[in-house]
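Next up: some structures, all given as structure tokens.
You will see two complexes here that share subunit A, one where it goes with subunit B and one where it goes with subunit C.
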Partner chain A sequence: MCEEADMEKNYYVCTGCGLLCDDIEVESEKNKINKVYTACRVGVAHMKEARNEATFLVDDKPVDEATAVSKAVAILKNAKNPLIFGLGNSSNETQKTAIELAKKINATLDDTSSFCLGPLAEALIQDKLKTCTLDDVRNKADVLIYWGTDPSDSHPRHLSKHSYFPRGREKQRGWEEERTAIAIDVRKSHTAKICGNYFFQIPPKGDAEFIDALIAGISGKLPKTSYNYPPKKILELANILKGAKFGVIFVGRGLTDSLENLEPLFRLMKILNEKANFHLMPMVRSYNTMGFNENLFAETGYVNSVKFENGDVKHGPEYSIVESLKAKTVDAALIIGSDPLLILPRSIAKNMLDIPVISMDHCETMTSKHAKVHINTAISGVESGGSAIRMDGVKVNFEPAIETKHPSDEVILKKIMEAL
Partner chain B sequence: MDFGSFLATPEINVKVITYRDIFQDKAMLENRFGEEYRDLSAVIKLDPADLKQLNVKKGETVILKNSFGRVVVKAEESGYETPHRGIAYMPKSPWSNMLISDETGGTGVPKFKDISVTVTSAKGEKVTELMS
Partner chain C sequence: MTNAMELYQMLPKTNCKKCGKTSCMAFAVALMAHELTPEDCPPLKEESKYKENYEKMSELFKPTEGVTETGLIVHEDLCFGCGNCVVACPPNVANDPHGVGSGNAPTNANKLVLAVEDGIVKAQNLGECRRFGKNKILCYGCIVTCPVEAIEFV
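Right, the complex of A and B next:
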């Protein structure tokens, strides 16, 4: 008997994306990770992320913690309407602290979901759509639709660990015989290539019409599109979907950005569940965006884009980061684990250059370069522990893999709260 | 005199589809200000016929321009078997973000997937540096 097999192994959670893979092994020395096993390309890079030496910067000059915190406090105190943004790469505990801070300073609070998959997350939290867990997918799913999403690039172990390739409890014959993978997209992504003949390429903005045509096909009518998609192919797809015993639609921004609203998707899910059994899962990217949506919903009844005002909470797109920056309604920003100057259109993000910014991140970012105060925090999930909500709503606890001298974002937020 | 010198630089209009790339994501995590991230981000992938019309060889730089911004990126062939003239692909990055409208209709959602640009040869101009 192999002795090693009896040894208890330490598995870590990768916080590189919303999958929160919990089977990661690392080799470390002197609090530096040298090797990462099991993780994907992005996961390995995330676990081994390089970092800066300086922990606290004010106006690009190294300072001590007290100076950085007091400068951050001064910026927030002087602001009439500060924005707190980010938190998709923070633990539940940090997110809850940030919500408390936002209440205390009457801040506008938002995360990336306001311009990504927030409306879908909200519908799921409110039980308006049928969903399932990734474990259900692995064990039961027979028909998988990747719509406007390319997990092979965005969630690299999605197909191998959960959705397509594994031998699940009720799917022992695996992808060769028991699963059908379908991609609907405007380009032949890596995932679409895996789907082979079940790749349905549609023109940009063609999704709503394709949904209508698919619904017609499922209802036994002739599917028509203005771009003349072959009706025979749509009918073939409709038949596969009707036969699904446990179907799942994985929805990416390729689909949601193409729709005016989610109504066509609701209609599709309704008919799919009349004829078969279908679930929907948004392909949330950051490791704890779902957590942010759930934590804020529990506190306010909204998943993003809120403004606190003396105990009241206002909500609407005008309180999203995009509209707040566009209308210049916010006069300072605390950015936690995000890089709006990198991820937002420059035409909008440029307005952030006109206000004082406090940046908390574990690396130098385009945003931190413009920040008045930059606090180099621990890498959440690698150097600090906590809990998070996986993209399918499952809570996952995680321990740090190495120790660090850098403070966690939660610790810094608490110090800011105390100093206020 | 060569007839070609009377012709304006060829210009085409394309719709840009952005996408996420695992190699580019990995490069960003390692160093978002590094060469690898720039090389994998500041790229537009075009139909070979569009490249030919532009009189641009793969690997050369092109200017992408619309009313929201202007960037110089490297032009590549898309490698897709199906022809897609007028449609081009870019990994999403600060370079593609330079070309996105600030018009949101008050929804809070920028039109990340609705980018139209004109493309011309950059005639050797270097790739736009990441603004800092």
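Right, the complex of A and C next:
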């Protein structure tokens, strides 16, 4: 970026999604954001319209901060096995405080990655797969594969800021000449539309077979699939991949949810790196899910689904939010910046209605509506600062764009810790 | 939209040159290029026998009122501000290679054709657009990069 412009202008970081765009200009007046430049519609909605004025609620009645915190403390004190969940939309600092809190109260701690891209994040943190940063992608990448993901909708500036369209250090001539974008998906997504002829439509659950066929194609064998995908097209794709100087596979949940385990993906990456140079990046949705995985891994050696017990750490699928709610092993829940009642299947989410729930969020959610205690916090990244880990593992610091009277989730967690 | 021949059929076809063009056909071509409007043909506008045609033509050009000089329309309800067009637009890249050309925030705002504001792309400085001016060409840079067909030329 131009250094002069950097000095003249004050850029903010958008915490609307995992891309953490760091070039956002904001016009604000009286601590209200009026105009947002360069951000996509997701970011603008996050920065301008996410504020909800209801503050602290206990049993749906407005109370002051101290009452809400003491009620939350009482719930956590009475619980034998409380669940702490969320944190994908919280700063690193908040996440570390939450891990401390979980240790202190012997809680089960989990985030959305346990049913999203957690296994992939774990493999990357443990260096089992080759990855790169988004800046490398912009500067060097020539072959981009969007597999089971639609960044045009989920991370709108992915293609324009990082992957396909921008000029990079070693890619000066632009996307038409120097980059190939490939979409592999079960439907013609908006991203697939941009990929044009390089869109490979496969049937649902057809990913593992497609990987096998692709590996066969790369090794010079005839690619076969039970759904009779034209071998000619797979060979054409295999040839493009073999010729890649700097390839990247962006993996979405469309791919990981369709695979039994990540083994086929490991095999694909292995052969791709024998014949060419390939990297992998998970398309993490929330702005700091990657941070949660890294922070928890640094503390415990696991990326999610842990249970603290008097200094020990247990890990396993039974400590994920889905399994622990299903088995009703948790007896209270502290939900931070997430909405499990909305995102989990109804048969599992309904078990949350039987336990006392504390919700911390900056807006009304399905979870906050059914919570015993709701604490209205500052919008992380808009009203409070901190640091976060971008989807490619790069640490990004951010400052608040406006001031607020709402406490940050970190402040509230510290108050809860003190009171305990 | 229509073509120049269809427009010509609706003109008086007298080659009176009152509009400043050498022939009615030349006037039709100028209409197509949005250089002139049906009002610039005095007989068409004033003489009652052409009234029907005049109304028909005015109707034809109505949707393009409020359109930018290059005929670019942004459908604001469709656009979600991904900025693909901003980064791919050739004049944008030429005028701001380290800013929007590299995917970043604009650093040369008064030379950019497209920029994202409040999550929606805005067309501006159309003098820079390759579809504008004497040496204009039919550039499709912004259209082909849009995933939701939010940009259109009329």
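Here is the rule we use: the second predicted complex is superposed on the first by the 412 of 420 C-alpha atoms of A that agree within 3 Å, B and C clash if a C-alpha of one lies under 4 Å from a C-alpha of the other, contacts with A are read in each partner's own complex, and residues count from 1 in each chain.
The definition used in the following text is that contacts are C-beta pairs under 8 Å (C-beta built on N, C-alpha and C of every residue); 3 or more make two chains touch, one makes a residue touch a chain.
All values reported here derive from a predicted model rather than from experimental measurement.
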| item | value |
| --- | --- |
| Touching partner for A:R41 - first (subunit B), second (subunit C), both, neither | both |
| Which of subunit B and subunit C A:K372 touches, first, second, both or neither | neither |
| Contacts of A:R51 with subunit B and subunit C, given as first, second, both or neither | neither |
| Touched partner set for A:H362, first subunit B, second subunit C, both or neither | neither |
| Subunit B versus subunit C as contact partner of A:S258, first or second or both or neither | first |
| Partner chain(s) touched by A:L342 [first = subunit B, second = subunit C, both, neither] | first |
| Which superposed partner A:K326 touches (first subunit B, second subunit C, both, neither) | first |
| First (subunit B), second (subunit C), both or neither touched by A:E318 | first |
| Touching partner for A:F115 - first (subunit B), second (subunit C), both, neither | first |
| Contact residues common to both interfaces of subunit A (with subunit B and with subunit C) | 40-42, 44-45, 152-153, 156 |
| Contact footprint of subunit A on subunit C as seen in their complex | 79-84, 86-88, 93, 97-99, 101-107, 115-120, 145, 147-148 |
| Interface residues, subunit B side, partner subunit A - complex | 15, 17, 19-23, 25-26, 29-33, 68-69, 80, 82, 87, 89, 93-94, 97-98, 100-102, 104, 106-114, 130-132 |
| Residue ranges of subunit A in contact with subunit C within the complex | 1-2, 4-5, 9, 11, 23-25, 35-45, 48, 138, 152-153, 156-157, 159-162, 164-168, 174-175, 190-191, 193-194 |
| Of subunit A, residues touching subunit B in the complex | 16, 40-42, 44-46, 49-50, 114-115, 150, 152-154, 156, 186-189, 201, 204-205, 253-254, 257-258, 305, 317-318, 320-323, 326, 339, 341-349, 363-366, 369-370 |
